[in-house]
Every structure is written in structure tokens, then in C-alpha cells.
Amino acid sequence: MISVYVHSNGETRCVERIDSAWLAPSSQVVLWVDLVEPTRDEIQQVLVDTFRFHPLSVEDAASEIQFPKIEAYQQYLYLILHGIDFQEEEHRFATRDVDFFLGRNHLVTVHDGRSRSIARLRELCSQHPHILSEGPVALLHRIVDSMVDNYRPEIEELEERIDQMEQEAVLGSGRDIVRQILDLKRDLSSLRRVVIPQRDVIGRLARREFPLITDEMAYRFRDVYDHLVRLADESITFQDRVTGILDAHLSNVSNRLNQIMKVLTVASTIFLPLTVLTGMYGMNVPLPHFPGSDATQFWWIFGIMIAIAAAMLAIFRSKGWI
Amino acid sequence: MISVYVHSNGETRCVERIDSAWLAPSSQVVLWVDLVEPTRDEIQQVLVDTFRFHPLSVEDAASEIQFPKIEAYQQYLYLILHGIDFQEEEHRFATRDVDFFLGRNHLVTVHDGRSRSIARLRELCSQHPHILSEGPVALLHRIVDSMVDNYRPEIEELEERIDQMEQEAVLGSGRDIVRQILDLKRDLSSLRRVVIPQRDVIGRLARREFPLITDEMAYRFRDVYDHLVRLADESITFQDRVTGILDAHLSNVSNRLNQIMKVLTVASTIFLPLTVLTGMYGMNVPLPHFPGSDATQFWWIFGIMIAIAAAMLAIFRSKGWI
Amino acid sequence: MISVYVHSNGETRCVERIDSAWLAPSSQVVLWVDLVEPTRDEIQQVLVDTFRFHPLSVEDAASEIQFPKIEAYQQYLYLILHGIDFQEEEHRFATRDVDFFLGRNHLVTVHDGRSRSIARLRELCSQHPHILSEGPVALLHRIVDSMVDNYRPEIEELEERIDQMEQEAVLGSGRDIVRQILDLKRDLSSLRRVVIPQRDVIGRLARREFPLITDEMAYRFRDVYDHLVRLADESITFQDRVTGILDAHLSNVSNRLNQIMKVLTVASTIFLPLTVLTGMYGMNVPLPHFPGSDATQFWWIFGIMIAIAAAMLAIFRSKGWI
Amino acid sequence: MISVYVHSNGETRCVERIDSAWLAPSSQVVLWVDLVEPTRDEIQQVLVDTFRFHPLSVEDAASEIQFPKIEAYQQYLYLILHGIDFQEEEHRFATRDVDFFLGRNHLVTVHDGRSRSIARLRELCSQHPHILSEGPVALLHRIVDSMVDNYRPEIEELEERIDQMEQEAVLGSGRDIVRQILDLKRDLSSLRRVVIPQRDVIGRLARREFPLITDEMAYRFRDVYDHLVRLADESITFQDRVTGILDAHLSNVSNRLNQIMKVLTVASTIFLPLTVLTGMYGMNVPLPHFPGSDATQFWWIFGIMIAIAAAMLAIFRSKGWI
Amino acid sequence: MISVYVHSNGETRCVERIDSAWLAPSSQVVLWVDLVEPTRDEIQQVLVDTFRFHPLSVEDAASEIQFPKIEAYQQYLYLILHGIDFQEEEHRFATRDVDFFLGRNHLVTVHDGRSRSIARLRELCSQHPHILSEGPVALLHRIVDSMVDNYRPEIEELEERIDQMEQEAVLGSGRDIVRQILDLKRDLSSLRRVVIPQRDVIGRLARREFPLITDEMAYRFRDVYDHLVRLADESITFQDRVTGILDAHLSNVSNRLNQIMKVLTVASTIFLPLTVLTGMYGMNVPLPHFPGSDATQFWWIFGIMIAIAAAMLAIFRSKGWI
């Protein structure tokens, strides 16, 4: 699906076809072409025939690319940026790529229709026709800014998951912690893989490497860049914390093993001597007689057993085991 | 709340309104405007209407930013720096951001009123009116220097916590060590996240990247920079030591498990054979008769039991287990 | 075996000998010489006598080199690149080196005949004679592009192995996991050792460091470079995940040890007191009499045993062990 | 305490006051001023009033600084370097800072009197008056060279401690190894924190960044720089080895646990069946009669017990446990 | 011992004294001076009096230096490179330093007589007198190339040791694995400490940083450089694999502990209930009578014992423990 927003003479229209006059070097119109899940034909017609973009960038736009990047061609900049994929299920962190072709007076966006940031801009363009008059770079900034803002709730959700796992690891609960850590690590790794190159792409816009970007727009991109720097920074801090959770978990498992073994050792070292004692008095040989009558023999033995158990317990208590 | 300190003709006054003449390019006054928890209106009035700062820096000043940074605008420098938050409870390491707008003849500070460094400078300005005459960069240096000095006691408190945990880890005490390590790691991570960018911000001032900073002021900022380099360095050393504490703790847990298992093994291997022996003499079958009378049978058996236990103990002693 | 593809006057021929006129500075032909497992004689004759390549690059071409690299000589570029070795058995990741000599109007390739990418290009050259007219750099790009594309299925196979091992590590199955991890680590290390220098080689082509590479060809190499950046990136992510698998495995082993020890401890602490009790009533001394007839004595004792066992189980249940 | 060594007209004198004529730009004397634990007054008088050093460097010289550094002021270089503190007790690695002000014709050193290198130079200056004639840079080099040489025995002592701990870790002895590793880690961390910035400071002298340093002196500082590079390198290698010691220790603890558990398991699995057997023949029920007389019954049972124990031992031997 | 090889007028002689005319700036001879374990006198006479090398480089040449380096003096290059020490015993990786002074028309080598590469070159010089005519840089290249080639068998021996230890770690054999890993780590650390600076030294020769090196010689040094890059790369890969071996070993130790504990737990939980059962029937109280005659009582009990053991085994089998 193709939507064409064209601004000329202070007026914005939404049309369906691109007038090639608009692309003339002297043209004063501002053009935003939004391709949603374009067919091969649409790509050929718009990107190749009309805009005459370089085949390599067109090919990248037609396929799904995992890696944000920026490429300067002679007449335009080609950017791949990643936005949060809110339709991903199972609470996993996932992103979708959006492609941008940024020219002197036009912005072409190619995506799969899931981008909330572009949806919002489309709405905005309908309501505030003057938005297009700021030029294609400002349009790009609006989309990118909103895409980066959308990372924030996802990051916070990740942080909550980490907080909760830290609690669980400290308390020793959390059966499934190994699986959760592996899941979290994969999510963090996806986050880093997207955020770090994205930060570098926006950094290049902010550093005015490209003549298309004016000083004013560079200030704005520096703001987005700062957000991405913080995201990248947080993703690394999270990584550290996840490692800490695993350490805490393993340390707890070891501690619990010690607890278990103490119980076993205490029980065994108390009852084994008693077993030997009772075994001795069960032997079919004449036994030494404790002082007193026959009836008191049992109580002598019982007393010795109690004494042995008490001595053992005292020893273990002095060791701090119980 | 807005406080305006203005120095002109060798005299410092504290007023409540900014005279726009003071901001004229040829103005000779030195101006310090301190905004404490400014309302939206105050921000609009002072930062936007009076000083005409760039909207992006005004927006950053109005919100809380986690990340120290410096940005050069055409007429001024915008800095976010972080000071210790002494009001944070629970012995956690926390910081608060302070925003600085540094112009040719003015310094504007925006903060939440908790900054001790600015409070001190305000006091100082009341008592020593000549301080403003040193210019806005010297004012900035005074605040920043005192902010960085305030890190020192916090660092020392962190070091003490680490020292104490090291002691506990070596002695094997410290039940809660896993939770403490997680806490300490988070604090160190907060410290690093603030100190390292702060160091880089001050480093740029010290390297004279900005024409506003004279050679003399650059020397002073290099001094602050050295402090921050040392803080960053210590935060990394601390990280290493915390890892060492966890290793020591786990090693102790393992050692203790070995101790426990030795006790269990020694007890089991001594008493299990004795149980078998007493069991044998408790069997309802005619038993071999030791030499001597019936009454001596028991003592024979008892002697064998003592011999078995002694042999076991000798074996374990030779293995170094007891 | 030597194959010579020569393009002149719009026509491509496959010949067996190189006409030295083709190598004259003013020559307009495009030449591709493909040496498959060349003998010492062929190397001497083609690379040394005909093309007069530098002895060091010829020596490298004649031997198998483990390390991708690019070297600029005065008249030509010498490249070693690595392609997937599909004939490697045992599901191991392995690569084979292909050598390229890229001159103004010629490309010489030296390999062991296993390269699928070159095989495909040879086929293509037979069917589409115009391919050679694009020049030697385009030929090089075609081969390299296809070599890098061939990494994709191998990477996916590696990813599948990691996914499966992660599953196994979480479920606690997978006996052989240590050996598999060592294998996987070696494969990833081989991958990284090939991909990272290869990325740097292609990066230098993409950055137009060499005058032989036109802007248009640099765009194309940048595309290949992006693929290699992603491969390198994935190989590092994989490394992380393998470390995570080992951690998960060790954590599972520890958890299982805890399970086992709990069973042992529960069994021992239930049955050892019972043994002592039965031992007591087996002693050859007059025993205290429970209320009731002789016949009820057993049931008293049995009741006490059940009570002891139930108490123990209740204690362990309250500890969450069973 | 202030000592002033002054060389003029081929003669060296040791005086107590500085003649301000010596500091004139055209002065030909060479001056070495050594301040040992200077009082506030001495600092003010010598560093500020006489030499007019920058307040920031004077302040640094008056306090103890943990971090080697070099700072270029307009008329002089200010260096903080660290020497071994031989008076530190408890075999800990510790350093003391020495401050240097290096001018065109003077060297000022500030320290606490513990520096052996400066003590040696003072002795040397008394015996060989020509030493001062080499100029202040050569004096600086002599002190620095000797300070760096003094690191060598400390490094060797550290290496010996590591060697010994490695032995102990392999042999499994060494009770206190966790504490020793923590101590060693702290010492290595102190070493690295001093050596690495010191290396960088001397490296800047060696790279002729400062016009005061002639080519000849730069050669000599390069030699010192090489020593520091090696020290830094060794400190990193030591770090690796300490990590290896901890791994070895933990691996030994695990191995010993396995040994202990094998003994326990072997003992339990041999004696528990025997206990059951003797228990069976102790039951108050008519028992099956082995062939032969009553007297042979015991020997039958005893034979079965021996057979069970032998079978168990054979199984464990086949498993490689004993 | 001093050997002097001198090439002039197409003829090579081996003499014992250096004619100072050969060192004149206009001299056309090529000179190779080989000092084997030189005495202090020889060093003074040759390096200082004849060649007038800088005292710092002479001092380095006279002592054993652990660290490869290159230093440019005004008239010559001074290099320290390390070759394999084949006389080292105990299969340890060790190197010996060789010193090179490379001038316009001379090469001076200083070593301890163990260098195989120099021995080979001496032989070569006797047989092929034209070798010297290639100039001193080519001589240096010949020695260095052969020194680096000699690393290859040592590297392969290290790889074999690693392969074998990997096997042992996977199979769980290898008692001494901790000591072997520590040994291997130290060897790898020695290797890295020599190879990485050596690589950088040769890299500087290859990058034509020094005017003495012609383009043609730089190509040759680039070849040596490539070898060293690969060696450095392999030494890092080896490091990774050794870490993997330790992980595998620890994982195996844990697995074995689990195996042992399973055996213990299975044995205990089977035999402890049986002990209680037999203990019950050994009690001196009237026991419940199973149906049937007295003679069948035993078989009833025996059946119950078998049933308990079978039930236990079934439970453990269902848990996958046996």
C-alpha cells in the first residue's frame, strides 16, 4: 500500500500517485511516501522507476534486515532503524525494521504496517498539515524520536523482570530461574544488538556528517542520540545484574546443600552410635551388669543414649551447625 | 524559586528579577541565576523568554536526566552533572542531577534544592561579594569542585562496606552475603554510570575544547578531572574486589561442605562396621567362642570394636581428615 | 588445471593459454584465469612467468593459509578469503581458502576445486558471456558475495544446535553436553577467526582504500561487508549463549545434587531413629512395659515408629524439602 | 626540611637558602631543591614565593596523591610519581608519592623522607659534584630510574608468593588460601593502579612531548619506560595466574569432596547390606537352615557377608572408585 | 666469541677483526658481526669502540631482556627479538633473546650461541657467499623469518597437549589436570608475552616506518608479520580452549559427584528400611503372626523385604537415577 503526502504552496494533500515533477531539482514541494508491506511491483515502480534509488538499497528495503545502519548515496541517505515489535507474543523483546530514504525534499518510508510511530505521524499529518512544511529531515526526526521513546516501556518491563528475579534469587525461591536467566539473556542480547548500532547511526546524524542535516536538526538528533546512549548503557548494566542473579542463585543452591548436609550429618552422627549401643545390648553374649536391679538396666542404657545424643548436639551447636 | 545574584561595578546584589540589559553583548555585569525546583512558568519565563536558551536544553533542564553530559550551543554551554543525594535513605548510593547553562557573563543553575554545593556557594556569595567578580566559569568550577569532593565520603563508606564484607567472607560468617553483594554491585554500577560520563564532561572542559574556558580555568578543571579519574578508577577496583568476595564466599561454602562431609564420613565408616559386628553377635545362630569364660566374651567383642574404631581413626588421621 | 576466460570485442571465449598481449597496459580485454589445484609447474608458468606476481604472494597462493587478508602490490591486489568447506564431515564448521589476484583487467583465482561460488560463476560465464564485460572487480564481487551467502546456512545450523542445547540444558537432559559445548566452542572460534579478518578485508574494499575499486563497486562491497558485520556479530552472540548453556547445565547439576541429597537426608533421618528404636527393643535387658497385654506391646512400638516417621516428614515438608 | 644543591661555575654547593638571582631567565646555575616533609610555611616560602609555581600544583604537592600524573605548566613540568614504600609492614605492597617540579635549570622534589632513591642521589651529589652539571632533567632521570628499579625486588617477592600459592593449590594444602588470594589481589590491584599511569607519564617524557626533554634524555626515559611496560605486563600476567590459583583451589576442593564421598559411599554400600543380613539372622522367627550342623551356620553367614563385601569392592574397583 | 663476515667486491670473507674503514659512510662493503656470549671486553671493544652504538642499547644487548622491542637511533635500528629455546627441559615453552643492531651496511647480532636460526645463516654464508651481497636488511629478514618459523612446531606441540587434555577432560580421566592446566596457562602466557610485542616490532618494519627498509624488504617482513599475527591469534584461541577444558573438568567432577551420591542414596534408601524391618522382628516383644506355619514367617518377611527393595528401585528408575 502506498500513501503519498505532498506539501506545496502551504497546503498538504494525501494523494496516491507521485508526480515526477515533484522530484525535479528545483521543486519546492515536500514529499512523504509511505510504503506499507509493498509488493514487488510497488517497490519496482516507486523506489526504482520513480525515485531511481540504488539497487542495493532497494534490495535491502525489500528484505528484512536485522542490523540498523546508515548509508550515504549520492542523492540520498538510506537508513534502517528498528522499532519495538508490540505484536510479539510471550513477553519476548522483539523489533521490526523500518527503512528510510531521505532526500533533499522527500522522505520514503518502507515498513510492514506495524510501526506505531509512523501510524502516529500519519494521523498527525492529517490533523496538522503544516508538519510537512518542516521538511523531510524533521519528519524523519519525528518518527525516529517516537520509535526510540517506545523503547522506554520495554526497558522498564525488562528492569522489573530483573528486579523480581533478584528478589527470588536472594530469597532462594524461583524454581525456573535457569530458564528465566537464559530468556532474559537472549532478550538483552537482542536489545544490545539493535540499540548499539542504532545509537551509532543516530550519532552520525547528530554529528552533522551529512550535509542534508542542518545544525538545528542535528541538535534534535543529538537528543535522540542521548536517549539511545542511555538505553545502550542500561542494557549493559542489565547484563551485569543478570550475571549477579546467576551467581546469587548458585550461591543459594550451595548454601542449601550445606544446610541439607548438616541435617544429614547431625542425624547420622547421633543415631549411628545409638544403633551400635543397642546392638551391643542385643548380642547373645553375657553382658556387663550395671549397678542396681535388672529393671534398672534399661534406664542405665537409656541414660547413656541420651547422654551420647546430648554430647553430639552440644558439639554441633559449638560448631554453629545447629 | 528564583534567586538572581548580579555583580556590577564591584558590588554584588541579590535581586529577584533579571534586567534584560544585563544580557546585552556589551554588558559588563556577572550574573548567577539559581532556579530551585522551578515551576513550568518560571522555566518558560527565565530560560526561554529571558535567556532564549534552545528548547532542547530547556526540556532537559525541566526533566530529570540520569546521564551527565555537556552540549555546546552557539551562545552557551549546557551541562548536566550529578551530585551525591544525601537524603537518600537505606545507605544506598544515589545521585541528583544539577543543570548548568554557562554563558559569556552568566551562569544559570537548575536543581531540586537538595544540592549542598550550591547551598554553600549561595552562603559564600552572601559573605564574600567579590566571588561573583571571578566570572561565571569560576562559579561553575566552585560548584563542580565541591560536588566532586562530596563523592569522597560516599566512596569511603563503600570501601568500608567492602572491607567488612571481605573480612566476613574470609571468616566465613555473614549469612546475608549474597544480598549484600547484589546491593553493593548495584551501588557500584550506579557510581560508575555517573562518574565515568562526568569524568568525560569535565575532561572536555579541562582540555579547553570550548573557547569560554580560559587556560587558568582549564588548569582548575584538570584538577577536578583528576579527582574524577581517581573515582572512576576506584569504582573499577571495587568491582574487582566484590567479585573476589563472592569467590571467597563460594570457596568457603565449598570448604565447609567438605568439613561437614568429612564428619559424616568419619562417623559412618566408624559406626557402620560396629553395627555389623554387634548385629553378628545378636544373630540367633551358635556363635564362635572366644577363648576364656562366657563372661569374657563381651570384653573380647568390645576390644575388637575399639580396635576397629581406632584403626579407622588412624586411617582418617593419616589422610589428614581429622 | 587452468581455465582462461577472455572477453574482447564483446565476445567471451574459454581458452587454455594466455596470450601475453592481453596483459599489455593498453589491452582492452578482460581476463579471468581460474587455477584449480595447480601443480608447481602451473603456478610457476602462470603466476610467475606470465603475470609476474610478487614471489611472496605466489608462495602464499601455493600454500594453504588460515587467515583472510588483503595485500596491495604495485600492480595488483592479492586477497585470501575463506569459503565454507561443504565436504567437511562430522558436522564441523570448516573453511577453505581461495586466493585472488585482482589486476587492472584481470582476475586470477587459485583454489582446490571445492569452491561452490567459483563453480557457479564458471557456469554463469558459459551461459551469460556478457558477465566478463563488467570487469574483474565485478567478477571478484560476484564470487565473494556468493561465498559470504554460503555462510548463512552454516550459521543457521549452528544456531539450531545452540537452541537445542539450550533446551536440553534447561530440561536437564543431555548427557554429553560437555563434549558438545567444547565442540561448539571450537566451531565458533573457527568461525570468528575467519569472519572477523574477512570482514576487515572486505571493509577495506568497501571504504575505497584501493584505486582499483570504483564507487559503484564499493557500494556493492559495502553490502557484502554488512553481511560479514552481521555474521561477526552473531558469532559473538553465540559465544555468549554457549557460556549461558554451560552455566545452565552446571546450575542444573547442582540442583539435581540438592534433590538427591534431600532424598538421602529424608530417608536417613526417618529410618535411623527407627533402627535405634527397634534396636532398643531387641536388647537382652528387661524392657519397660507399655500399658496393656503383651500382644499390644508391638503395636505400641509400631505406633511410636509411625509417629516418629510422620513427625520427620512434617518437619521436612515445612522446610519445603518434599 | 629544605636542602638546596646548587651548581655554578663547575662547583656544587649545598646551601640552605635560594638566591632568587639563580632563577633569572639568563641564569647558568643548576639547582636542586629537596623538600622533606615540608611544613606549610616552607611550602609557601619555597614553592609559592620563590618559584611562583601554580597554586594547583603546589596544593597537589602538599597533599598525598594516589595517582601518578604529569602536568605541563608554562614554565615547568609537574610530576607525581610513586616509589615503593619499604617501611610498610605486613608484607603488603605499598607506595609513597614523590612530587617533582622540573624547570629549565632547576628540579624541586617534595617527599616524606622515605624515598631511598632521593637519599641515594643526595649521597651521590655529595661525592660526585659533577652530577648536577648534567642538568635537572638528568637528575630527574636518575631518581626515576632508581625508583623504578626498586620495584623489581617487590615484583619478585610477589612472583614468589604466587609460585608458592600455585604449588599449594596444586598439592591441595594451604588452608588459608582464600585470604591469601584476596590479599594478593589487592596488592596486584595497588601495583596496577600505580604502574600503569606511571608508565604513561614516563612514556610522555620518552616520546619528547615536552621541549624540556632533549633527544638524549628521551632515550634514557625510553629505557625507564621499557621497564615500566614490563612491570605493567607482569602485573597483568600475575592477575591471570591468581585467577588460575583460585580455579585450581576450587577444583581441588571439588576433587577432595568426590574422594570423601567415595569413601562414604563405599563404606555405606558395603556395611548396610551386612547390617540387614545380621539383622535377619537376629529376628525372632525360625530361620532357614543352611546345610550342615548348627555350628557351621555362623560360618555360612560369615561367608555370605565376605562374599557381599567382596562383590561390592569388585564393583567399585571396576568403576575406578578405589 | 666474535665472527665477522665481510662482503666486498663480490667476495665474502670470514675474518676476526673489523677494519674501521668498512664503517666509513662511503664504504661499499656489507658487514655481519656475530657476537656469541660476548665478554664485557668484547662488548666494549666491538659495540662501543668500533660501532659507537648508544650506551643504552649496548647495555640492553649485554643483559637478558624479556620483552621484544625495536628502537630507532640516529644511525641504526636496535631490535630485541625472541627465538624458541630448544634446550629448555621439561617440555616447557621458553624463549631466548637475540639482539640486532641494523645499520646502513652492517648487521650486528648478539646472542648466547643457542640460536638455531643464526647457526643456519652462518652455515649458509659459508656455502653461498653471495648471500651477504643482498645487504644487512635481507640478512636480518633471513634470521627473523627462520626464528618465527621455529615457533610453528612448538605451537603444534602446545595444540597437541590441548587436544589431549580436552579428550581427557571429556572422558573424565586425567588426575593431574589442574596442574597441567596451570602449566599450560603459564606457557600460553609466556607465548603471548613474546609473540604480541614481536608481532608489533615486525609490523613496524613491514609498515616501512624506518627508511632503512626498502619496499621489497617491507613485503618480506609483511610475510613474517602475517605469521606472527597468526601465532598471536592462535595463542588467544588456545587460552579460550584451556578455559573450556577447566570448565569441562569441573562439570565432569560435578557429574561424577552426582553419580556417587546417587549410588549412596539408592543404597541407603533401600537398606535402611530393611534394617528397620529386621530390627522389628528382632525385638523381644511378641510379634504379629503372618498367616501360615512358623516356618513360613521368615519367607513372609523376606518377601516384604524384596518388595520394599523392588519398590525403591522402581522409584529410582522412574526418576532416571539408575
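We call the chains A, B, C, D and E, going by the order they appear; numbering starts again at 1 in every chain.
Everything below uses one rule, namely that a residue touches a chain if its C-beta (ideal position, glycine included) is under 8 Å from a C-beta of that chain, and two chains touch if they have at least 3 such contacts.
Because the structure is predicted, anything quoted here is derived from the model rather than measured.
Novice: Using the contact definition given at the top, which chains are in touch with both subunit A and subunit E?
Specialist: Output, common partners of subunit A and subunit E: C.
Novice: Distance between subunit C and subunit D based on Cα centroids, please, to the nearest Å.
Specialist: It comes to 40 Å between the two C-alpha centres.
Novice: How many angstrom between the C-alpha centroids of subunit E and subunit C?
Specialist: 25
Novice: Can you list every residue of subunit D that touches 2 or more other chains, as numbers and ranges?
Specialist: Expected reply: 250, 254, 257, 261, 264, 268, 272, 275, 279, 282-284, 287.
Novice: What's the ring order, kicking off at subunit C and moving to subunit E?
Specialist: From subunit C, continuing first to subunit E, the chains appear as C, E, D, B, A.
Novice: Across the complex, what residues on subunit C touch subunit E?
Specialist: Where subunit C meets subunit E, its residues are 54, 56, 59-60, 65-67, 69, 71, 73, 177-179, 181-182, 185-186, 189, 193, 246, 249-250, 253-254, 256-257, 260-261, 263-264, 267-268, 271-272, 274-275, 277-279, 281-284, 287, 294-295, 297-298, 301-302, 305.
Novice: What part of subunit E is in contact with subunit C in the complex they form?
Specialist: Going through subunit E, the ones touching subunit C are 166, 169-170, 219-220, 222-223, 226, 229-230, 233, 237, 240-241, 244-245, 247-248, 250-252, 254-255, 257-258, 261-262, 264-265, 268-269, 272-273, 275-276, 279-280, 282-288, 321.
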